[in-house]
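Here it is, the structure in full.
For clarity, chains are labelled A, B, C and D in written order, and residue numbers in each chain start from 1.
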C-alpha cells in the first residue's frame, strides 16, 4: 500500500508539473500566425522540459516497479526529487523568455543536475533498504547513463556562460540518451514479471 | 501495476487539463449579465474542448481496459498523446479570444488532428505489443471513426481559412460522432468481463 | 477496474477544483491585517464552495461505493456532473468579487442547481444500469434531501434579484442540510460491508 | 476501498498544493542572476512550506496506513485538515512578498496552528472510530511532537509581532523536529506488516 501511495503522489505531482508548464504559454493577443512567433522559444523549451519530466516519470515508474518494499526512509528522498522537478516549470519559463542567454541556460542545467543527483540518492536509498535485491542492482548496474548525464549537465552549465546554444544542444542530447529505451532494464522487468499477468 | 500507473498518470493529466481550462474564463469586473457576454465565445469553446477531452478520456479508458499488458514501449506513445492534449487549453483560449478567425480556428483543428494521430499510434503500438489479442483487434476493427475524424479535421483546417464558422461546425460534428456510444466496443467489454464482477 | 478509474478521475477533478479556488485569493500588497479585509467576501465564498465541493465528493464517494458496476453509460453523466462542478471556482470568484449583488448571486445558485440536477441524473442512470440493486435503491430512498435542495436553489435564485443576502443564507442552509451525516446511507454502507474488512 | 479513495483524494490535494506554490515564483524579466534576488525570500518560504506539506503528507500516510477502516465520520475531519493546508500557498506568498513583517509571519503561524489542530482532530476521530486499536494508540502515544508543535506555533505567533525573524526560526525548528524520522511509528509499521509483502 505504501508503494502505491508513493507512486500515486509522485504521479500526481509530475502530472501537475507537466500541465502547469502549458500555463506559461501565454495566449497571444493577435489572431495571426505572426503573433505565435514570440512564443516559439518558450514552446521549444516546453517540449524539452516535457520530455525531461516524461523521462523522470518513466524512470521513477521502472525504479519503483522493481522495488519490493517502500519504507519510511525512502519518502523524503522521493520528496527531494519532486522538489527539484517542481522547479522545472520555473526555469522553463525563464529560459523560454530569455532564449540563448547565459544565466537562465545555466540555471536550467543546474536544476536538471540537482534532479539527477536527487534521483541517484533515491535509487541508492532504495537499493540499500531493499536489502540485497539482486534484480534491482543488476537492473541499475553501473548506471552509466546517470553518471554521464550529470557530467554533461556540469559541462553544459559551464559552457552556458560562453555559448548558451551549445548548452541547449547538450540538454537535448542528454534527453535523447534517455529516450532510447533501456533494453537491459526492460528485459529484467519482463523476466521478473513473466507474461501471464497484466503489468 | 504498470497498467494502473499509466492509467492514473493519464487520468491525472487529463483531469488537470480539463480543469485548468476553466482558469481561462476570466472573472468579469462588472456584476451584471452584460459583463458575462464577452466570455460567451470562450465559454462555448471551453464546452467543446471539455467534450473532446472527455471523449479522449473515455476512449483511453476503454483502450487500456481491453489491453492485457502495458509494456515500456507503450509509455512514450502515451506521453506523446498527452502532449498534444496538453495544448488543448492553449488553443481553446486562443480560439475563444478570437472567435471565427482563420488562424486560431485552423490551429485548434491542427492540435485535434495531431492528438488523433497520436491516439492512433498508441492504439497501433498496443495492438502490436499485446500480441495477437483478438478481442482488442475486433473492438478497434476498421477504426472508421478514427479515420473519418482525421479526414474531417484536415478538411476543417483548410476551410478555416475561408469560412472559420464551418470549420467550427465540423469540429462539433466530429465530437458528436464520438459522443454517440460505440455499441461494438461496449458489447465487447461486457462480454469479456462477464457481469459477475464489478467493472 | 472501470470503477476505480472513474473514481480516480473524479477525485482528481474535484481535488483540482477545490485547490485552484485558492488561487483566486489574490495575495494583498500590504503587510497589515487591514490589507486582508478586501479578501473577506472572497474568502467566505471560498469556504462555502469548499464545503459544497466536499459534499459532492462525499456523496459521489458513497454513491459509487454502493454501486456494483460502472458501465460505459455512466461515464458521460459523470463527466456532465464534473462539468458543472468545474464552473464552481468561476462563480465563486465572481460572487466573491461582487458580494451581495443580484446577478452573481443568482448565477452561483444556477450552477449549484445544475450540479444538483446532474447528480440526480447520474444517480438515476446508476440505479437503472445497476439493475434491481435493492441496497442502492434503499439507500437513495425518496432522496428528499436532493429534491428539497433543488427547490431551495430555485427559490434562492429568484430571491437573489431582490435580496441577495437571503439567497446566500439559503445556499449556506442547503450546505448545512448535507453536512449533517446521512445516517441511513452510512448504516447501509456499514451493513453491506461488514466490519471484518478495512474499508 | 473507502480508505484508498480518501488517500487518493488527499494525495491529489496535497500534490496540487505543493505544485501550485511554485506558480508564485514569478519568472523575472531580467536574464541575470541579480534579477533572481528579489525572489529569494519567496523561494526560502516556498522551501519551508514544501517541507511542511511533505511532513503532513508523510504523517497522513502513516496515520491512514495504520488505520484499519475509514468510516464516513472521518471524511469531514480529513476535509477540514485539507482546508487549512489549502491556505498554505496563500500565506506562503504573502510572507514571501513581505519577509520579516509581523502580520504575514503571524498569519503563517496561525495557518500552521490550525492545520496542526485539524490533524489532531482527525487522529482523535480515527482512534475513536477504529475502536480499541492498540497498535494505532501505541504508535500515536502521548503525541508529544504534536503538542509541542502547537505550543511552539502559539509562541511564534506572539513573537511575530515583536521579532518576526525569531518566529520564522521557530517555524523552521518545528519542521526539523518532524523531519527526524519517528522511529517508534516506523517500527510499529514494520512489525505490523512483516517483511514478506511489498508495502
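A few remarks follow.
Convention: a contact is a pair of C-beta atoms (placed from the backbone, for glycine too) under 8 Å apart; a residue touches a chain by one contact, two chains touch by 3 or more.
Note that the coordinates shown come from a computational prediction; the quantities given were computed from them, not determined experimentally.
In the contact between chain C and chain D, the residue numbers used by both copies make up under half of all numbers at that interface.
For the two copies, chain A and chain D, the CA superposition rotation is 90 degrees, given to the nearest 5. Chain A and chain B have CA centres that are 26 Å apart. Once the centre of each chain is set as its mean CA position, chain B and chain D turn out to be 37 Å apart.
Among the residues of chain A, those in touch with two or more other chains are 8, 12, 16, 20, 23. On the chain D side of its complex with chain A, the touching residues are 7-8, 11-12, 14-16, 18-20, 22-23, 25, 27-29, 31-33, 36, 47, 50, 54, 57-58, 61-62, 65, 179, 181, 185-186, 189-190, 195, 198-199.
Considering their complex, residues 1-3, 5, 8-9, 12-13, 16-17, 20, 23-24, 67-73, 75-76, 79, 82-83, 86-87, 89-90, 93-94, 97-98, 101-104, 107 of chain A touch chain D.
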